[in-house]
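The block underneath contains the structure these notes are about, expressed in structure tokens.
The letters A, B, C and D name the chains in turn, as written, and every chain counts its residues from 1.
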Amino acid sequence: MLYDITIDGKDYRLELERADAGWRCRLNGREIQIDAVLARRDVLSILIGGKAYEIKREHIANETHLWVGGVRYAAELRDPRSLRSRKGSAADDKGPKKLYAPMPGKVVRVVVAEQQAVEAGQSILVVEAMKMQNEIKSPKKGTLQKIVAAEGANVNAGDVLAIVE
Amino acid sequence: MLYDITIDGKDYRLELERADAGWRCRLNGREIQIDAVLARRDVLSILIGGKAYEIKREHIANETHLWVGGVRYAAELRDPRSLRSRKGSAADDKGPKKLYAPMPGKVVRVVVAEQQAVEAGQSILVVEAMKMQNEIKSPKKGTLQKIVAAEGANVNAGDVLAIVE
Amino acid sequence: MFKKILIANRGEIAVRVIRACRELGITSVAIYSDVDRASLHVRKADEAYHIGAPAAAESYLNMAKILDVAKRSGADAIHPGYGFLSENAKFARACGGAGVKFIGPSPVSMEMMGSKTRARQEMEKVGVPFVPGTSRGLESPEQAEQVAARIGYPVMLKAAAGGGGKGMRLVHEPGELRPALEAAQSEAERAFGDREVYVEKAIVNPRHIEMQVLADEYGNTVYLGERECSIQRRHQKVLEEAPSPIVDPDMRRRMGEVAVRVAKAAGYTNAGTVEFLVDRDKNFYFLEMNTRLQVEHPVTELITGLDLVHLQIRIAAGEKLPFGQEDIRIRGHAIECRIYAEDPDNNYFPSPGRITLLLSPSGPGIRRDSGMYEGWTVPVDYDPLLAKLIGYGTDRGQAISRLTRALYEYFVGGIKTNISLFRRILTDADFQAGKVDTGYLDRLLKSKAPEVMGENAEVAAIAAGIFAILDPASVVGNGNLSPNPGNKTVGGVAVSGWKKAGRFEALD
Amino acid sequence: MFKKILIANRGEIAVRVIRACRELGITSVAIYSDVDRASLHVRKADEAYHIGAPAAAESYLNMAKILDVAKRSGADAIHPGYGFLSENAKFARACGGAGVKFIGPSPVSMEMMGSKTRARQEMEKVGVPFVPGTSRGLESPEQAEQVAARIGYPVMLKAAAGGGGKGMRLVHEPGELRPALEAAQSEAERAFGDREVYVEKAIVNPRHIEMQVLADEYGNTVYLGERECSIQRRHQKVLEEAPSPIVDPDMRRRMGEVAVRVAKAAGYTNAGTVEFLVDRDKNFYFLEMNTRLQVEHPVTELITGLDLVHLQIRIAAGEKLPFGQEDIRIRGHAIECRIYAEDPDNNYFPSPGRITLLLSPSGPGIRRDSGMYEGWTVPVDYDPLLAKLIGYGTDRGQAISRLTRALYEYFVGGIKTNISLFRRILTDADFQAGKVDTGYLDRLLKSKAPEVMGENAEVAAIAAGIFAILDPASVVGNGNLSPNPGNKTVGGVAVSGWKKAGRFEALD
């Protein structure tokens, strides 16, 4: 099988085939001797040249993370033949920016009024979750174009809270 | 839904329906107020009149066990409309009896020769597993009709080892 | 001894108390709100009763409902845990009225310690050392200025009814005083419905060290050694240890004797904690008394070999303390990490949601008090404490190394946790040298994080492919099992992340 | 200190040593046979190497292969764990030859203690108390009869190279002697390739109490208190505790001093255990010395607060003992349960197979040293020890109650375990009174088991229906994940048990 894989923004081409012994594996064209076994769901044990790695997988929101040791890697799998362009991971300061709710909760306070100027990092509204007041800050200098989630609104993770122009 | 259920040999008729609140449950025609949630695969939490029960499920060989507290119950589900008769659980001393391997292992010794008379509980052969020598004993008084698994044979759990007539 | 105890709490502390009940042969009664039906404390209890909506006011703070459950279930005692109603004198009194034993001190003692100014007045009478300042609320800005001038800047303004840092202001110079006072008063008003504020000499970057006391109902009071609790974020404790790296036997004895004096002056019974501020010269000042079991009680249990919850219950049941001060022996060192559902990479925002994978550490010197399990959905309605990981060792160094090892084994998938923060603290040179104070963690977090080696990116790439082949649909199978709606979302989203993988297999 | 340690073992003890290595900053190297690729010790180690077929002779007993891995991986020390090569002097010598440090005593000490008769000769020289009998093998049946007559019946025949009860015979009267001698000799021949047998006065139902010793390479030797190991099945220990209910400080000191004398006489270094037989009058007799880490070492760790594996490694690295005899303080009580994969309801037949559900206990006073995990298939090729559950308490009663609580929380699904046996022991009146000896467990198992209440059969019936609706295909989804073929079988069979349920849903 052939995979295009992106790990923390870096691209890899992986060729993987099951051999009777175990696996045939080529990473970016380089042959690598590996031994792998799925210990349990989302937990993989891989041996490479004697070194033992335990890899854990998790999905949070729409991201997939692979943990090797204590280190987290963002992982993406793609179909090499598709023309679908990948979502640009680099932040872009041009144009309007949306503020997303980082967790489900309740908007308890809106600090800035619409059309008011805001600094990058300035607190715009406060979302209460798990008994904590969490300040949601502006990602850029500009104007608060719109408050999408009004005071008292219950929001889910990923909901748009406001837009800064 | 309608279930015929056997727990440790005793039969129950269970009517179960999802109600918006939780469940409608009738056991042998008797209405019972229950609240149930699947905590995780094979683990059920049931509340009946304030009492909290955690039930664990396991399948060993072809039996299903349900554990309530520290106590194990053998459970069977059947289709009330099927004519299939249940496998008689009561032991029957008439006729030839098979000796089954209680675990996978290796037959390291056959103690009794075929056609020889045996007492109930007499050791017939020895299966080695997990570094233990396990004596397999005759279930009844009679004659050792046949040795199915010869010395040195590797056996799986449930394999027939010998037959006592 | 009691026959049946109702635990008026949730999460890890409810589980902790339920275990103690089982060990003592006492039937345990759990209560739960709408979102806690599948929580671990309900699974572990002998009995469980629903008490209402998620909002604490509707459930875990609702005295009437809780006492009604106590009555229906026939509980003869209530353990409040920490937080919620644990320091609520009104509740303790209501329990007494309902003929149910409240496992804790008397309402009178709770009230005395509930007001910082009243506590200060009482404790000054018996010669307990205090930070210089007013022992009662300020009448006017003018008075504030006079006192501040007398004790000298910097000064700290504090809410009399305060806690958790609310209504607190550090004032460096006279010019800042009036605005800070107004701010503190209105914040105190909002937080506690009481604008009373007092002023103290500010001790910059003190240590926060507390002393555990235990008193039976026959006047026997002992201290069980101190806990170093200086490592805090936003005035919330994050990591605690016992003993404190700076407390020697003599200082321990002196602090302990003051703590016992405080308890006796308050007519205190059951388990309690006397908090001290300690300055650079190891002078210690009374801060407040917590009239309940502390979150961090396990570190004291590990170095003393005692079970504080067993003792709380036995004391409440009218038993005498089974030992005297001279019998208490401190051995080894213990450190506790509070595992929170929060995101260290994003402002420590809370991170509720479904736990899709849980690998828990165990082995030598490791104690785990947990309220979570794999498949459980962490609700958004309560504080983010998931579990406590406690490491014990022959000495501090071994406790650190065992805890570091255990954190390496610990994995919580599907939500964010602060586990990586502890890796950072435990490997920090200042921490290892015991150089900590209440400003330590903020300084550490401001400092540049050590570069995380991405050396295993290639391993991750290979793993991504192998997962796609061996375990493509894991989260689907997982989502199916979700007992509560919350899971579906997570499960659903998660799946899409890997549907692609499924498709590739068809291609080659 | 060592850079890299190879662990020449598997299962829970390999995991135990790997954890110690990580805590000490040492790279750990695991070895595994064909059936252990997915075992926990391979997951936890920093490096892992395949060494051959399942049969121990092809893998964990294969010195050449193990030393080859040590060489390839650059390990500078080998920890043998217990069992396998741990008491093999030849292997220890081979390690020395290969320039790899063997973590344990010298080959010379191992050989001295390896032969019971030689050990006896050496130990008698230094005045160690022995059960009356021959200190060397019997030359003839006549000699056996003379000795037996002199020391008086009943007598015990024992294989000189013996262990695990093989080659042992209890003889009540002269008539039984000759046939018993022949049987013992041929059994010894089969088991150890050595028919040497000696005779001792039989102590009926003695206690088996052992003393932990620790010696550095500079002549410093200490004892760490005793372990009560009388609870055995077929001469296999099942439950151990420390301290022993019958040993008081004076007896502990006397046993400890004898144990230290034994160690010194053997030029012993590193961790070792001196086993004693104790009769009704508390006389103790030297039995043998185990020249390795014991399975039950955790109970000693819990009451002393020390880490024996850390100390083993530090001693082997040439460090001096960091404490003297007077620094060792025993506090509290600890009990260990050996969780075996065996069926208490069917002759304790071993029960390998796939673990489909694992709920592990934790919380106050509970230590778990485990080699298993959910989804792992227990291989048929090795001994059935899955994990050790150890309970600590302020006193014996609390240790028992905490352990009972933890066993209540412990669930291993998919295979049979002896967990229920421990529930029975811990609630037994004689055990609770500390009245145990090597005959205790056989007596308990012969006695009628307490009637298990089936009061919850109706709950089980309701649960069966709800499982069928909420979680019908659990084991299918589960089987899919199976890393090794073994699982498929179990999964497959298991499914069929519930396919029915699936069908029903369609009907109504």
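Following the convention adopted for this analysis, a contact is a pair of C-beta atoms (placed from the backbone, for glycine too) under 8 Å apart; a residue touches a chain by one contact, two chains touch by 3 or more.
Everything quoted here is computed from the prediction, not taken from an experiment.
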Between A-D and B-D, the pair with more C-beta contacts: B-D
Distance from chain D to chain A - Cα centre to Cα centre, in angstrom: 47
Chain B and chain D, separation of their C-alpha mean positions in angstrom: 31
Whole-Å gap between the CA centroids of chain C and chain D: 39
Multi-chain contact sites of chain B, meaning residues that touch two or more partners: 38, 41, 43
Touching two or more other chains - residues of chain D: 44, 408, 470-471, 474, 477, 481
Interchain pairs in contact, sorted by label: A-C, A-D, B-C, B-D, C-D
Chain C contact footprint on chain A (complex, rising order): 1-3, 5, 7-8, 10, 12, 14, 16, 18, 23, 25, 27, 32, 34, 36, 38, 41-44, 46, 48, 53, 55-64, 66-71, 73, 75, 77-79, 81, 102-105, 129-132, 134-135, 156-157
Residue ranges of chain D touching chain B (in the complex, touch as defined): 341-343, 346-347, 349-353, 356-357, 359, 380-384, 407-408, 411, 413-416, 420, 423, 452-454, 456-471, 474-475, 477-478, 489-490, 493-498, 500-501, 503-505, 507-508
Chain D partner contacts - residues on chain C that touch it in the complex: 15-16, 19-20, 22-25, 44, 298, 301, 305-307, 309-310, 329, 331-332, 360, 362-370, 392-394, 398, 401-402, 404-405, 408-409, 471, 474, 477, 480-481, 483
Parts of chain C lying in touch with chain B, wherever the complex brings them together: 29-30, 37-38, 42-50, 72-73, 373-376, 481, 483-484
Residue ranges of chain A touching chain D (in the complex, touch as defined): 35, 37-41, 43, 45, 47, 50-52, 54
